[in-house]
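Quick notes on the structure that follows.
Order as written gives the chain letters A, B, C, D and E; numbering starts at 1 within each chain.
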Amino acid sequence: MNRSMRMLLLIPGLLFLTVFMLIPLVLTISSTFVENGSFSLDGYFRFLGDAYFLEILWTTLFVALLTTFCCVILAFPAAYYISKLNGGKKAIMLMLAIFPLLVSPVVRSFSWMIILGRNGLLNEFLLATGLINEPLSILYTPAAVAIGLIHLFLPLMIVTLVGVMENIDADLFLAAESLGASKAKAFLKVMVPLCVPGLVIGSTLVFVGSFTAYTTPALLGGQQRVISTFLYQNAITLNDWHAAAMIATIMIVITFVVTGLFQKIAAILNPRG
Amino acid sequence: MALLTLDQVTVAYQKQDILKQFDLKIEKGELLSLLGPSGCGKTTTLRLIAGFLESKSGRFLFNDKDYTRVPVSKRNFGFVFQNYALFPHLSVYNNIAFGLKMRKQTQSEMKKRIAHVLDVVNLTGFENRFPKELSGGQRQRVAIARALVIEPDLLLFDEPLSNLDANLRETMRVEIRRIQQELGITAVYVSHDQEECFSISDNVAIMNKGIIEQLDAPSHIYSYPKTRFVAEFIGFKNFLPFSDREDNGAYWTLASGAQRFSVAKHAGSDLGMTGAIRPDDIELVLDLNQGDAANHIAGKVLVCTFLGRSYQCIVETAAGTFTVHTDMATPLDIGTPVVLHFPSNKIIITQ
Amino acid sequence: MALLTLDQVTVAYQKQDILKQFDLKIEKGELLSLLGPSGCGKTTTLRLIAGFLESKSGRFLFNDKDYTRVPVSKRNFGFVFQNYALFPHLSVYNNIAFGLKMRKQTQSEMKKRIAHVLDVVNLTGFENRFPKELSGGQRQRVAIARALVIEPDLLLFDEPLSNLDANLRETMRVEIRRIQQELGITAVYVSHDQEECFSISDNVAIMNKGIIEQLDAPSHIYSYPKTRFVAEFIGFKNFLPFSDREDNGAYWTLASGAQRFSVAKHAGSDLGMTGAIRPDDIELVLDLNQGDAANHIAGKVLVCTFLGRSYQCIVETAAGTFTVHTDMATPLDIGTPVVLHFPSNKIIITQ
Amino acid sequence: MNQSKHIGLGFVSFLIFLFLLGPLVIISVASFEPSTVLQFPPSGFSLEWYANIFAVSAFMDTFKLSMLVSLLGNLCALLLGIPAAYALSRYEFPGKALLNVLFVSPILIPGTVLGFTFLRYLIVAYQLPLEVALFVGHTILMLPFIIRVIASSMATFDFSIEEAAMSLGASRFGAFFKVILPNIKSGIIAAVLIAFLESFNNVDISVFLTGPGLSTLPIQMLTYVEHYFDPTVAAISVMLMALTAILMFAIERLVGLSYFTKR
Amino acid sequence: ASGDGNEKPTDLVISTWGFAEDFFKEEVYKPFQEEYNVNIVVDIGNNAERLNKIRQGTANVDVVYLSDYYAQQGIEEGLFAEIDRSNIENIDNLYDIAKAPLGEEYGPAYTIGQFGIAYNPEQTKGPIESWSDLWDDSLAGNLTIPSITSTTGPMFLDAASIVAGQEEFNADAAFAAIADLKGNIVKEYDKSSDFVNMFTQGEIAAGPFMEMYFHDLQAAVPEAEFVTPTEGGYAVMNTVNVVKDSDNKELAEAFINWHLSKEVQEASAKAKVDSPVNIDVELSEQEAEGVTYGEETIEALNLLDMEYVNSESAEWIDRWNKEIAN
């Protein structure tokens, strides 16, 4: 197919995005470099010199990366399991996997409060089995936020991976095993690299989702803030869109760097991905 | 004791049995070929041995140990896949290195062995290509190299040379045989190319619909197929239904229609009443006077095709239609009257 | 005018040229085979004709029209893929029906034609299977059926029979040839099997590294390969470097080392100084007295292998090592002294 | 492959599903709470909050709008996204990496900022009617999910069957619909579902693109929980799950669920 | 003029929070629509979001309900029209503090709530009576406070200043006091629902809370108590204004007048939707439960100067982030 045909496939989407998002966004972002009518980076220096800002940035980043990592670890076996099923069973499991997405994030957080709370199901269970003597405080900690976020985003990762795994020839796995790779090794050396395209996009979805998440950290986290709270405060409460756009720009840059890093790792795992 | 024993193994896809109470024994160091029509269960047998499939019933012994439940990765069997199954994300070098890495070979040893095996399969210089940048035959050769390089206890080949040209196929098969013998590796080899199977194997098993019809040394099978199926499969295109049998010392005398045939006795020749002869072995005689002699039948050429080495003529006679290969400068015209001679030491009797 | 013309076509993957100013002409109704070593560009040529690849330069004419830019779907060419490329989500029936549906055939016509083509490829009863439930050979046959059933203007076969056993391969190739001739379809056929190419084709093109070395009728190529490459490729295993040439009427007399050879003249035999002869055509003589006669050389057996039809002996002589095929009951022992006779009408001269 | 080899994998998967579905079970049970506060175990059994969903008309109104926007936007995103996903995974061309980034960018930008930008440009500057802006915003929101999920399921795809289809007379278009699409069906369904749910649950962008008489279900739900603490929102979630389950059951009856997966 | 049914009704756009929507539809909007031949369209959402839309001018809002803090922002940005009090006679019947909380030119408070303390006596050492009781060590890990960005955040900051012994509001003292409180705080809350959740799940035993939500809290935890702290509760003012660009200013004023009428005020109170500010509304003891009602109660509430709050809020949020919220 010649070049112009290829472009024809891309143009509608491209045009749509450019007109409705790219141009407005570029204008919004470029406005953050203008202060009092002239180019200035002062706003950025203010944020990046602010210990409080850097701390919540770091916390948010850490929780988002942790969430992404856990989602990868958990999604792999589940997705593999689902992709091995056939026909109707596969469809059912796939649907079950995305069932959580049907439940409002707020409601899901309620549920985790019920489970993780001081008098929650988990503590009751652990106390009853004698595994602990004092209730654990998980709720209102970063761990609770991570758990909530994993629950929120794991379905995305699973579904993405199933889509990729389905198109992988089963013989490749057998070939690896016959060359002496244990199931785990074969999985690691063949399945994982071939899943890389799915992994990259899955991780991007999860990372960005948790990095910009607002409701779940607010409900399950403690006093420690996340970056979106800060963005929201500036934008909505203080109506300071200049600052909000700057925070957003910083967030966008970080997202680009991190997802770029995912691509780098991906390129190492699967040079042909 | 045989190195590998399949004992009454049954394998099924969905409800249909593909291998039916299948028995097979292979000695250490032996190269056994499986030969049989498309869909008869050759790949299935290999996959069973490799551990990719589980049998419904029966046992698989290897080295006197029950291997039925040993996981694939613990078997140390090399497998060359019919569809190659190369790792698309790895270069040629890394595809071949895969098994060595699993075996924790040193970098230098690995380099050496890969360089060597690449030389064997004639792909030196292709190390950094990825599978999708190779031609069909090149991929197949990478698949072979990948299995050879680990020097496994058992090598399983599924049509490993099907996409190579005659010369390369021959070089490769000589190489495979050499490596297999040098290292004393036992091997099971599936191919649809008879010459390949015969030349490379210690024993050949002819399969049909999930069972083995005959397992013997190549030259024996070649000359004395036990059943009509085997005979037909290995190129006996011509069959003579016999109706009468007389013992004549070293020969049988048999009748086919009005014609009498004398046939040299051979092991098992008392068990059947169907004569078989190869197209190469029938002599096409233009002297029409011989039409009535024993082992001769008169007929007419139906069609003549050039085969390279010789012409193939289809000749219609009173006893049926026969296929004959004959060396000639020019083909015979359609309708040419000819006489066919069936040498008595070239007719064999099958069940 | 030829039906199909490739005119100075160059095709490249990445920067590397695979086909180099390639020329090819095919007449209407002709079946042309491409034969050549693995990786020489056969698949590339077919893909170019089919329209899957774009050429860097050159023109492609079909029926006198410039087809260079005609989209694949408008070409009405059937393609049998080396790796089958069956639709995994469609049953055998629907795989074959695909092209017919594209052509808006009626349901009943479709049923009839599919039933017929399934019969041709011996897969009646497999209609409802899905590709992954088929053996390698069965898949290949579905691929053939799918291309045949649409009765295209041009049929492109990429190793269509490589995974079939000898009998089925022969039946199929006869069927392919029959259908092709009956319908007057033009075809390009890639196979690594020489016998197949020779028997099925009107013309054979021998390719090497992206160019055609010789294009001729099969019997002509078989007997008179133009270059050493072609000779080697089609089974001339033995070469004699000649140093002197004397005209002797119908014969040339040539020297190779101390030995003189008389060689029957043939078209082009004045163009080269390398003699070539097939293993089948050298006669192995046990009468050692002939060792000094013209066209005879004495030597010693190095190794003897069973090939089915005959034994293959490698014989070492003063003029080099030769491969000889000979009919014998038992192989010759290593070291047996023998004499080789090179019949003067069997030696040919190549460039 | 044999089932017994899957026992370990099956067990791990079971735990993962427990993690995913356990909280939903708890919420479902708790939604039958008779009192005004969500708790577990519930203090009794009542359908009051389910009745409340229908009693509060805003829930039904916003549900309808949410469905409409998510479905229409999804359709539009598919029309724009599938060709792009195909081009991005099928061909190599200069600038591809950049395009890849551009097409995921709506995911990479915090929703609040995206929403505000839409408000300022789509509505204020471009003067789009609110409904249209909401639809455009949701299309943009869904586009990257559609493109990336579909593209990643095409990454391992063997495109030779496309050539086969074309050689049999299918146009480029036809080949895509007849052989590519069916074989990436589950990828597309995954993409559609994910995109739909992302849009259906979206708050941060919608907030800016709703207005008088025009609101979406999640916004309505959020507004509701600012003032009420009863299990109505839990009941809504349970209803959505039940609706989906019924839909699945119907599909199973009509075409079989395996219709949605590759063989 | 009562509609004769032939004229096309005018659209009146009302921006409000979105609670008790069905009550408003039936009891407030419907009679008004019929009488004035208007069609009421509502825009719902929280204060900040709705104010934002008015700023962008995208919503064509006529009447806007906002809590006083946000209404003050709107006023300062010149988003609201000055009202003509003669068109809103019912203002005269309101409690004094409700008549013009943000100045004579702008709208009245249509309801006033009380911000006090809710607690669970079964989980505290003894009864809680004053703001300073929240600082007691026995509440360690058992307390929530409103975040600085919520409506009541500044009120609690003021209470902290009082607890710190300041006559006049002193931000340093207030922040220091709240920093002292950190050992008691589990986490702060943004929405009343968060408070209720924490309370019913047993994560907290006490916290500053709005009386208007107490009814729901008590339904879940019957033993819960609401107190007006000895230092005084705070008045939560919900105001109603006419938007500057409104084409229906008179209609808007008529609507406000209607909302302030005894009829509507009483119905809202009885339905426990909003506490009444109309002095003519009479409630039985039972009807008054969970409602901020009665002249003394109302007049005793502390009031914040919203202009001052507004000017300080960015500074406070910043300090809060750094000193409290981590």
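Going forward, contacts are C-beta pairs under 8 Å (C-beta built on N, C-alpha and C of every residue); 3 or more make two chains touch, one makes a residue touch a chain.
Computed from a predicted structure; not experimentally measured.
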item	value
Minimal step count in the chain contact network, chain A to chain E	1
Comparison of C-D and D-E (more C-beta pairs in contact)	D-E
Chain C-chain E separation of Cα centroids, rounded to whole Å	90
Chain A and chain D: spacing of chain centres that average the CA atoms, whole Å	16
Mean-CA-position distance for chain C and chain A (Å)	56
Chain A, residues touching no fewer than two other chains	110, 114, 183, 194, 236, 273
Sequence positions of chain C contacting 2 or more other chains	83
Residues of chain E whose C-beta touches two or more other chains	49, 52, 197, 201
Contact footprint of chain B on chain A as seen in their complex	169, 171-172, 174-183, 185-186, 189-190, 193-194, 196, 270-273
Touching residues (chain side chain E, partner chain D) in the complex	13-15, 17-22, 25, 41-46, 49, 52-53, 56-61, 191-193, 196-197, 200-201, 213, 216, 219-221
Chain C residues touching chain B - in the complex, by the definition given at the top	13, 35-39, 43, 82-83, 133-138, 140-141, 158-159, 162-169, 192-195, 198-199, 218-219, 222, 232-235, 280, 305-309, 312
Contact footprint of chain C on chain D as seen in their complex	158, 160-161, 163-172, 174-175, 178-179, 182-183, 185, 262-263
Chain D-facing residues of chain C, complex	47, 50-52, 71-73, 75-79, 81, 83, 85-90, 98-99, 102-103, 130, 132, 146-147, 150, 156
